[in-house]
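Next come two complexes built around subunit A: one with subunit B, the other with subunit C.
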Partner chain A sequence: MVRFQLKTKEKKILIGWSMILLAALFIIVFSYIPMVQAFFLSLKTGKGANLTFDGFSNYKRMLGDATFWVTIKNTLFYAIVQIPVMLFLALLLATFLNDPGLKGRGIYRTCIFLPCVTSLVSYAILFKNIFAVDGLVNNLLISLQVIDSPIGFVTDAFWARVIIIIALVWRHTGYYMIFYLSAMQNIDGSIYEAAQLDGCSGRQQFLKITVPMLKPIVFLTSVMALNSTLQLFDEVVNLTNGGPGNATRTISEYIYDLSFNYVPSYGYSAAISYVVFLIVVVLTLVQKGVMKER
Partner chain B sequence: MRRKSWVLFFALVLSVSMIAGCSRGVEGDDTDVTGDSSSEQDAKDQVQNEEQEDAVELTVWGWDAAFNGLAMEEADKLYEGAKINFVEMGKADCLQKIHTTLASGVTTDLPDIVIISDLAVQGYLMAYPGAFKPMDAVIDYDTFAKYKKDMLSYEGVGYGVPFDTGVAGLFYRTDYIEEAGYTQEQMQDLTWDEYLALGEKLAENGKLLQTYNSNDISEFQIMLQSAGTWYTDSSGQANFSENAALKESIDIFKRLNDSGFVKIASDWTGFTGAINGGEVACVIRGSWISSVIKAGEDQSGLWKVAPIPRLSVEGATNKSNQGGSSWFVLADSKNADVAADFLKNTFASSNELYNTLLTEKNIMGTYLPAATVEAYGAEDPFFGNMKVNQTLATWLSEIPAVDTGVYTAEAQAAILAVMPGILDGDDVQSALEAANDQFNQMVQE
Partner chain C sequence: MKKINYGIKHIVLSVVSFISIFPFIWMLISITNYSKDITMGKLTFGYALIDNVTKAFATADIGRAFWNSTQLAVVITITSLIVCSLAGYAFVIFPSKGKNIIFMVLIASMMVPFAARIIPMFRMFASVNLLNNYLAIILPAIGAPFLVFYFKQNTHAFPVETIQAARVDGCKEYQIFFKIFMPMMKSTYASAAIFAFMASWNNYMWPLIALQSNQKFTLPLTVSNLAAGFNPDYGIIMVGIVISTLPTVLVFFLLQRQFVEGVIGSVK
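Moving on, here comes the complex of A and B:
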């Protein structure tokens, strides 16, 4: 009897492995092995195919590369401004849409989630048209007599950043809202009932019950948002192409330029990619620490 | 239990067959046909059929099917020994794909011919030694415009077959400039000061001179080459802070920026929209722009072309170039020799081909013997019966040759990075020195 059970267990393990085997193999071959290769590549210098092993010189080169620091600064700026705004909005929307008394919840949810399924490039082009010199927003502002002459939204450093952040918030808020919504639906309703019996106000319920219960999801979403913002590419390339000057250029765009627009420095681009990876790891650990403290 | 065994069995079969499916694609094993889509099969049959007919299929990677693709199609009609398969991609995608393919070192499934824009050519030749087939023994470079050969040569060896030229012109609306009190004679051989003065005059009648995008300095290429200079010197070093032509170009750019007579266009759509919508009187670009201008059919007969404005620095001319690209044979492609022979017999020797291309799409090659073909004498009703092709062709030989070197993209990015500051009133000299430092950072090995 014991032997038979063991056999079942073995079989279960075998079935489990056989099911993930393929996916695991693909991940190893197409993700982990290239990551290791990229690290070795980051230790090489040279243009195009003329690569020679040169230790950590690419990492040293970064220290003096002004464009690299500008792009790091821009990317972190997006992360610091956009992520809190977006996650707060997502949480707020989720709270409203979680209210069972609200009519037409499904429609609102769909509408807010809809931007997430649009293609990155096409929505960026759409935003570019809306904020063009003779685009919708400028025409509207002029006809409302808010401004006299059109604002060059994508050619002005300040406005270009604002537009990119607005675009990002518009596109991604619905996505994170869904995470919060599903998490909220997992909170046991009896907790709220008990709280109400104890005379807890709606605001207190939100701050003392909903938010703490959502902590793991807040952590998950902030890591995810950070990850995607640090890899920001499509929106910036299509909206402003990094301009004016380098005012909106992100690390990913710089990596792309170094590999494909300029005479390719594959080693140096790989090194910068590794730095981005390290930044993500460090920031994730910091976030994790902060969440634990609370 | 029985059911579980079946699940296990299917899961294993599925995994194994899919893995086999992957490896099959890499190794090209034809015996396993599971998962082979019918279109792949069709393509294979087609290739086999063609091989039986002794016609080789040459794969060409390029952008713009209506321009480069059309040229290949017309060339294909003139050549017996091969069939052209033009694979169209976006320009950036195409240039990137050539990079990734060559960098990966893969030699199977390469295209036979690729098109590369002239300013990027040196970078490719330097980055991938041995990837492109030397063409000195195949074609006679002396039959092409001299500047083209310089751009396609690396360490003294010629690669690639020169294709189109971007001989630059000042395309203008005759009705708008006449309204501003200018005659067509006055539009010939302007200086930039005179050109900007025209802008003031146009503005009085509520017309705009040209488009302007603070984030696009491609007009610098035209200005620099018209004075026989470039962003970089012959040793590949940045030529910024001592470059009088560059400083004048920046000054003109700033004056356009501060003026009230330009149409702000932040992208291609805005740019072409301003031209076709009749919002601007002039556009200064390579000759390829004529296909954009001609898209505004309602403006037929209203356009003319004049030489571009001249800088005031020493050696400045009214002739320049912008854009243009060339064909390259990949040395490791299966049909490299056929591909080279194809290019030799078409783009490097056929007047007939260039005649067709000129007639069909105003595509102007750099093959000098073709300067006598019929299409050059043709009057173009769109340009008020002007012999546009002939006019542009006579300028072709007067374009100052410049060594554009390897690092044009880097140099342009470095200048662009300091432009917002300059437009805000920063000192040009110190900004250019900063750009120089930035350039040196970018071009490190």
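Moving on, here comes the complex of A and C:
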């Protein structure tokens, strides 16, 4: 009897492994193996298929590569400006919508969430069109006499960055708002009741109860936003194509260009992709540390 | 005081809501206008709808791109859901130390930026002559770590007694999964399907690299190409944009609850 039970237990463990096998295989083959290969590739130099081992020369090359630094700067700029603005806005809207006495909450929520269902390419092109030199926004601003001559929203270095940030905020705010909203709804209502009995004002309740309770979700969403902004590609390619010059080009776009637009230098572009990887890991850990300290 | 408070909230929310839906209104107006009027920012409906749609399908391959995207999204959604839900299920129903480690390893792959994988993946598919082949798009999409995670989270809510009862009745383990777990977890599958479908439908960077001929292009690639030309016809582009947005908007309104859950995942 005991032996029989052991056997069925072993069999079950085997069945369990067989169920995991396919998913594990796919993730290892298309995620981990390429990652390891990319590291070896980053140690090689050469054009196209002619690659030779050359130690860390690709990493040294980065230090003197102006375009690399510009793209790093652009990407970090997007992250530093866009993420706080977007998350603050999402938090604010969620706080407003979390009020059961507010009429039309459902409609507001649906409208604000709607941008998340658009494809990245589509909305980027829509924004490019709306903000074109002779486009809707310029015409509107001119007819309202805010400006005399059209602004090159997509062709001017400063404005192009602003438009990209506006576009990103438009597309993703509703997404993060839903996270905050569902987290707020999970906070036990009796905590607020107790606070009210103790004479806490609405603002105090928000600062002393809502904010601390939301800390984990704020951390999670900022890591997610950071991760996606550091990998920004679709929007910039379709809105400005990195231009004017390299003014809006992101790291992901530069990696893509190095391998698939210019004469391919796979080794160098793999090295840059590893730097992105490290930045993501380091920033995630730093963020985790900062959140813990508070 | 309270009234003013509500007034401010309503104003802020109305403005944000309007900004949020304006691009949708804009694309619906623009699809009825000629390119010249669209670029000039015409805010009234025109008479070019049929013209735009005809041109988009006849000269710009929007129809074929739509069909390509649909095929890929359906195949990827079905395969990735089966593979990933099976794994998520097994991590909960057959737990062991080794499996926990594997689970952590699989989930950690979410942190690997896509850019760090594309070059080896490109070379991998080139070496087996699968570039410009849909397998190059489908295979890497099947093992989705997020879906494994999502199904694992949701399996915790599945009643274990059901499984034990089925075992007593003599059901095989795989039968339990396909005949009992899957039908009972319909709502979870719906959310996951929306997530997988959206990811495939909107996928841009990897198809851009892996697909080379226009016949194989998906909607995002075709629309992007149309807009990148020197003198883009925005009438045609709007047809492409509306067609790529329509399915996701429709699914959103039909299955709003599952949609939101699928998008925000299993964060609870």
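Please note the rule applied: the second predicted complex is superposed on the first by the 273 of 294 C-alpha atoms of A that agree within 3 Å, B and C clash if a C-alpha of one lies under 4 Å from a C-alpha of the other, contacts with A are read in each partner's own complex, and residues count from 1 in each chain.
Operating definition for what follows: contacts are C-beta pairs under 8 Å (C-beta built on N, C-alpha and C of every residue); 3 or more make two chains touch, one makes a residue touch a chain.
Not measured: the values here are computed from a predicted model.
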>> Following the superposition defined at the top, how do subunit B and subunit C come out on subunit A, clash or fit?
In response: clash
> Between subunit B (first) and subunit C (second), which does A:128 come into contact with in this model arrangement: first, second, both, or neither?
Replying inline: both
>> Output check: A:86 vs subunit B and subunit C. Expected answer is one of first, second, both, neither. What do you get?
In response: neither
>> So in the superposed three-chain picture, is A:246 touching just subunit B, just subunit C, both, or none of them (first/second/both/neither)?
In response: first
> Who does A:35 touch here: subunit B (first), subunit C (second), both, or neither?
Replying inline: second
> Residues of subunit A touched: more by subunit B or subunit C?
Replying inline: C
> Of the two partner chains, subunit B (first) and subunit C (second), which one does A:175 touch, if any: first, second, both, or neither?
Replying inline: second
>> Tell me the contact category for A:27 with respect to subunit B and subunit C: first, second, both or neither.
In response: second
>> Tell me the contact category for A:270 with respect to subunit B and subunit C: first, second, both or neither.
In response: second
>> If we overlay the two complexes on their shared chain A, which of subunit B and subunit C does A:139 touch? Say first, second, both or neither.
In response: second
> For A:43, is the partner it touches subunit B (first), subunit C (second), both, or none of the two (neither)?
Replying inline: neither
> For subunit B, which of the listed stretches 8-16, 134-142 or 332-340 runs into subunit C?
Replying inline: 8-16
> Same subunit A residues contacting subunit B and subunit C, which ones?
Replying inline: 15, 19, 22, 25, 128-129, 132, 134, 241, 259-260, 266
>> Using the touch definition from the top, list the residues of subunit B that touch subunit A in their complex.
In response: 4, 7-8, 11-12, 14-15, 18-19, 92, 95-96, 99, 102-103, 105, 123-124, 126-129, 131, 213-215, 264-267, 269-270, 406-407, 409-410, 413, 416-421, 437-438, 441-445
>> Which residues of subunit A touch subunit C once you look at their complex with the stated criterion?
In response: 12-13, 15-17, 19-20, 22-27, 29-35, 37-38, 41, 89, 92-93, 96-97, 99, 101-102, 104, 107-108, 110-123, 125-130, 132, 134-140, 170, 174-175, 178-179, 182-183, 186, 217, 220, 227, 230-231, 233-234, 237-238, 241, 251-252, 255-256, 259-260, 266, 269-270, 273-274, 276-277, 280-281, 284
> What part of subunit C is in contact with subunit A in the complex they form?
Replying inline: 6, 9-10, 12-14, 16-21, 23-24, 26-27, 30, 38-41, 43, 83-84, 86-87, 89-91, 93-94, 96, 99, 102, 106, 109, 111-124, 139-140, 142-143, 145, 148, 173-174, 177, 198, 201-202, 204-205, 209, 219-220, 223-224, 227-228, 234, 237, 240-241, 244-245, 248-249, 252, 256, 259-260, 263-264, 267-268
>> Could you list, by residue number, the parts of subunit A that touch subunit B in their complex?
In response: 11, 14-15, 18-19, 21-22, 25, 45-50, 61, 64-67, 128-129, 132-134, 150, 152, 154-155, 157, 240-241, 243-247, 257, 259-266, 268
